[in-house]
Amino acid sequence: MTLRYLTAGESHGPALVAIAEGFPAGLAVDFEAVDRDLRRRQKGYGRGGRMKIETDAAQFLAGLRGGLTTGAPIALAVWNKDHENWKDLVSPYARGGKKFTQVRPGHADLAGALKYGLDDARDVLERASARSTAVTVALGALAKALLSTLGVEVCSRVVAIGPREIRPDAPPTPAQRDAIEASDLHVDDEALAAEWRALIDAEKARGGSIGGAFDVYATGLPIGVGSHVHPDRRLDARLAGALCGVQAIRAVEIGDGTQVGRPGYEFHDAIHHDPARGFWRDTNRAGGLEGGMTDGMPLRVRAYMKPIPTMLHPLATVDLATRAATQARYERSDVCAVPAAAVVGEAVVAWELANALLEKFGGDAVEDVRRAVEAYAARIR
Amino acid sequence: MTLRYLTAGESHGPALVAIAEGFPAGLAVDFEAVDRDLRRRQKGYGRGGRMKIETDAAQFLAGLRGGLTTGAPIALAVWNKDHENWKDLVSPYARGGKKFTQVRPGHADLAGALKYGLDDARDVLERASARSTAVTVALGALAKALLSTLGVEVCSRVVAIGPREIRPDAPPTPAQRDAIEASDLHVDDEALAAEWRALIDAEKARGGSIGGAFDVYATGLPIGVGSHVHPDRRLDARLAGALCGVQAIRAVEIGDGTQVGRPGYEFHDAIHHDPARGFWRDTNRAGGLEGGMTDGMPLRVRAYMKPIPTMLHPLATVDLATRAATQARYERSDVCAVPAAAVVGEAVVAWELANALLEKFGGDAVEDVRRAVEAYAARIR
Amino acid sequence: MTLRYLTAGESHGPALVAIAEGFPAGLAVDFEAVDRDLRRRQKGYGRGGRMKIETDAAQFLAGLRGGLTTGAPIALAVWNKDHENWKDLVSPYARGGKKFTQVRPGHADLAGALKYGLDDARDVLERASARSTAVTVALGALAKALLSTLGVEVCSRVVAIGPREIRPDAPPTPAQRDAIEASDLHVDDEALAAEWRALIDAEKARGGSIGGAFDVYATGLPIGVGSHVHPDRRLDARLAGALCGVQAIRAVEIGDGTQVGRPGYEFHDAIHHDPARGFWRDTNRAGGLEGGMTDGMPLRVRAYMKPIPTMLHPLATVDLATRAATQARYERSDVCAVPAAAVVGEAVVAWELANALLEKFGGDAVEDVRRAVEAYAARIR
Amino acid sequence: MTLRYLTAGESHGPALVAIAEGFPAGLAVDFEAVDRDLRRRQKGYGRGGRMKIETDAAQFLAGLRGGLTTGAPIALAVWNKDHENWKDLVSPYARGGKKFTQVRPGHADLAGALKYGLDDARDVLERASARSTAVTVALGALAKALLSTLGVEVCSRVVAIGPREIRPDAPPTPAQRDAIEASDLHVDDEALAAEWRALIDAEKARGGSIGGAFDVYATGLPIGVGSHVHPDRRLDARLAGALCGVQAIRAVEIGDGTQVGRPGYEFHDAIHHDPARGFWRDTNRAGGLEGGMTDGMPLRVRAYMKPIPTMLHPLATVDLATRAATQARYERSDVCAVPAAAVVGEAVVAWELANALLEKFGGDAVEDVRRAVEAYAARIR
């Protein structure tokens, strides 16, 4: 019961809504920074038509006064401009349109319809859509605001599109971060971006889709966030769960976690100490996490995103109503959304970090939290 | 508030203890099956000396009567035989021995000691030790007993030791499963096992350690377990979190989740239906999970285990007391524990599945649960 | 993780917002019934001016399509008409007005301001205000819709205003329920209502306030909802917690719980059985709850509401800014709000019952839940 | 996820077991103080034979080293001496004895057996028995140890036996506390105790039972523990839920919560401040809780305990197996257990307070928590 949230909203419904509970009072929320993250989620090479319709912005409805948190639950909405075109089809008050029964492989359509006893997979896909990550990103922006006051910064980088993968070992420098933000493939290497664009173009040309991977980084974390004492207190477990809770993320890796071909002598990070820096390492293979806790090095976690299963030349499927063989119905989609997913990844990582910090440091006012972090930093030098 | 547990216990303390709450009444627990899983966790090529001392068995203290659950919380203990040798050193009632201050890279030692304000990393490592997974396995055995009455079976296979990895696409057949159980590397391919033994021997010879990966499978799951409606209801998110909550697991993959080099047309599983089988697929790239829910195909998830960081020729570190450079203290350890980790992986997957099934089907008596599962299976044919 | 909710919203902010997660799909929501409960919360003899400004109605934003739940989280808003007059004073985007520093005894003002480090108690009282119970009531109306499909009905009756208390032993008959709804004191006894009005008038005349008590009833519950196996599974514990979570409720009683002057032989309900009715009782001193579970008799719980602490002739207090003695600032308020609180009480009881039923019976579609309830009813005859 | 626990254990099973998770490291546990609370729970005028058999003591199995917490989960067991006589009847490994089918009104017997599909109510009553509160008290003793290091003390007083009730307005002085501990009716008024003994004797003489009420107090709490921002964060809601989660507690009252006959002008506590004491009140009608938070005055909550439903001349009931009318089976019991319940009440109140303090102040080491409490106390003077 530290930081918690619920989200709601359909892809073409009136709004996406979130309530976040547990933020300390006195936190200044930069509304422009929230909307900037929303826009970052909408960018990227290979996106489809929906992103041209929406220009997302968060409307705050509760929990702030004059831009400052009060300790009360925060409510926000991202209104769907496209709802105007769908209001007779998808609305709490109306239901219409042809039933969606040619369920799409790779989506929640079939399992969701059976589970919930629905005869129109539209009821499933409207909620399962990654459009819901708009509010996830808004929640993440709140978490980042808190983290920032505590000296923690979160960012990300795309590290694979299709088969072309890189493994940088450090978070981006400020200059690299600028390059990443300027890039439509969310990477600080334009030559690589050009290769990736070609891969995306090729898939687009044949009506397909392409996946990839991204790294999320966090700097400035003190040693000892998370815990080894119980599985559900481990920060690595929470980060893995949070990232796999994002649509289309199918694998998660802490530091160099998949590189098990490397033997023990090349997998760990020797410990050093000096009075100025405190404890430090000269490598960061662990991605900043040891024993379920931060180790003082930058956090680095990788998430793998599957190719979006909606494709122009559809996969074979079955009609939900008749059980007869058919082809998956096409619903407007992206060819590649890995850069957008990286922004969502930042958001869920930021949320978990904010939560773990509040668990560790308590505090109902931002100043109380900051003071506790400082007292702890002094204790563990 | 469906199924929940807490565990406690130190590696050399009197006992590992667990309480499991939420099991329906009327479930028959095969005590021998529980202990068999405990012994499976102790096996494997490359284990260290501790496994020779302990022959784990679970003592049930509450929640069963005459081998049947009653709906009451279940308590169990796995007593540490080795505690007799440690009772003056590590006990609720005594503290002794030289302080453990040469904290080991790759372990919880340093972060745990700083976080909790401890001057003896022994207080950390006793709890962070993978010995605690003995009760994790016992809890998993309870979950498997419930799953089994509902037609769900869970098993595992080691798929990588060091750099040598395989990617089988189906759960083991009964014959393969027998071979896996007979193998000291938990795999149904003796030639491969021989290769792996050679890799382990080589690391052992130089005082090192080696990691790997394992797959966990579950068959018999109905379509629609888990949910797409909220991130923390997604079964993939929960499985990823649970597996990354196991010591030394640093990456998790759902189905072919890391294989993002494959384009969209080769990543998904076309849907078919026939009256006898209901909905089915002819491939299982999704590992049995679509949109955060089971899709009716066998569940397949992969976990990557890092090489154990305790090695005979220790890594450079710092003394916790003096902050001076030193070498990590050696504490008896394994060279390779991937086969054991696979058994732990089965346990945590079984637990999450049992929990998700109980959420979906309710029921305080096993017969109520079974009846609800059957009614649902009939509804979704 | 069965049914859960979060609410947000300030008394004079743009809106009160709620998200409810965990309702099964296929539940028909009668929007008029939701708004009817909102209006019931606004009625009652002794209310202040605010209730003349607001005519509450819920706007659903997510989780329903054409009036039917889909299994997705439900979002709703109750917009504050009065916000127009306050938008420069209390808004996520603006802060204004004179600081509220003459903190009022009996309210959250002082403790909230100190806890959250706020120098304007307005930031506290806007959230602590009972205005937030508007969305509580909307959530309760959703829970009642589910309960109703399962044969469970929830209602209430005021049983005390000031010192004049009654102790009826049964839920109201349909005719009595009509009388209660028609009464501005939410009671089926007009002579008593007249007495209570006189008490309220007397307090109003001297600028004071008056409390009271109400009973909440639920009929149609099967035996065995809740549990004896762990404290936090007990239905009595949950009901007590939920009712004491409502502003100004300071005591809760299950059945005849406070009547400890009665000896054991007059405190319990003998058990009977006949084939037509199943198990039944000829008394209901237990209020329908034994051992933390429903016993098949009507649920009856009583909540005691303190007199509202805002009074025209204010209490002595201290100025938050100067620590100097002063008098509590007057903020528009009611003289008596017990009839409104009874409607809120229905809502929180309905929520807990819906949650406990879903825990027991599972089910993602209303038909699955209904079928499980029926199968269970047949089993326990 | 701050402080959490699970308990397990049957009344005549091998042991009662608890795991407590979330205590900070470095807390000194006085084992004698834990056992003293266990013995206090066993005392009281009017207890039955079982209390002569058991001399409860807690065995700690995990989470402490040499009497100090380490941050790891704490496991403890209270072994049942009487189990030796029951081991063939009630044991995880054995089931025996005549089935208990004459279910007792007022107990969990009937509802529990139906709910869980059990044909022997022994499976229910073994868990539903108040014997399980032995570990509740041990958990409470841990919470008290933490509270004590933070300057908070918890105690209790019986305030009613049968119809004879008192309403003292302040926590006992040290001298009164000694008198309470010395009294077999847990009260500091020997004349009153004599009256109560007579009431108990009279009920005992006719084979009946008698209930009562007790107050729990806590002193030394800072202002602002708990919260007004969401119902489940309110400390009054949590305390009410925790107390109603104790067997036989059927009503809970915060401060003077049931005294709604008193008008507003006599119900609240004017606020004062002086530099030496900070904020204070000259009355404490609110029982130390305003707006869901502590207000700096002593906490005072009252719980009402029903007469124990097991009586020598049994109530009418039905046989579970045959549905035929019969009389409730007699199971050894107490005539009055209110003094014991008061000790259990201290335990659950202490637990909730410890949890709320840790939520507010965070901290993984006791010194961190203490420092945060002090910094806050200085901030709010």
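The first chain written gets the first letter, and so on, giving A, B, C and D; residue counts start at 1 in each chain.
Criterion: a contact is a pair of C-beta atoms (placed from the backbone, for glycine too) under 8 Å apart; a residue touches a chain by one contact, two chains touch by 3 or more.
For reference, the UniProt names are A, B, C, D = Chorismate synthase.
For clarity, every value in this text was computed on a predicted model and none was experimentally measured.
Give me the chains shared as neighbours by chain C (Chorismate synthase) and chain D (Chorismate synthase).
Shared contacts of chain C (Chorismate synthase) and chain D (Chorismate synthase): A, B.
The C-D interface: which of B-D, A-B or B-C repeats it, judged by over half of the contact pairs being the same residue numbers?
A-B
Counting in whole Å, what is the centre-to-centre distance of chain A (Chorismate synthase) and chain D (Chorismate synthase), each centre being its mean C-alpha position?
Between these chains, centre-to-centre, one finds 44 Å.
Find the geometric centre of each of chain A (Chorismate synthase) and chain C (Chorismate synthase) from their Cα atoms only, then give the gap between the two centres in Å, rounded to an integer.
About 37 Å, centre to centre.
Please tell me the distance, in whole Å, between the geometric centres of chain A (Chorismate synthase) and chain B (Chorismate synthase) computed from their C-alpha atoms.
Centre separation, chain A (Chorismate synthase) to chain B (Chorismate synthase): 26 Å.
Of all the residues in chain A (Chorismate synthase), which ones touch at least 2 other chains?
6-7, 21, 71-73, 112, 115-117, 124, 127, 224, 227, 229-230, 232, 360, 364, 368, 379, in rising order.
Would you tell me which residues of chain A (Chorismate synthase) are touching chain D (Chorismate synthase) in their complex?
Residue positions touching the partner: 1-2, 21, 71-73, 224, 227, 229-230, 232-233, 358-364, 368, 371-372, 375-376, 379.
Which residues of chain A (Chorismate synthase) touch chain B (Chorismate synthase) in the complex?
6-7, 103, 105-112, 114-117, 124, 127-128, 136, 160, 162-163, 165, 203, 206, 208-213, 223-224, 227-232, 234, 236-247, 250-258, 260-265, 267-273, 275, 279, 281, 286, 290-296, 304-309, 311, 313, 315-318, 323, 325, 348, 360, 379-380
Chain A (Chorismate synthase) touches which residues of chain C (Chorismate synthase) in the complex?
Touching chain A (Chorismate synthase) from chain C (Chorismate synthase) are residues 4-10, 13-19, 21, 24-26, 31, 60-68, 70-75, 77, 90-96, 112, 115-118, 122-124, 126-127, 364-368.
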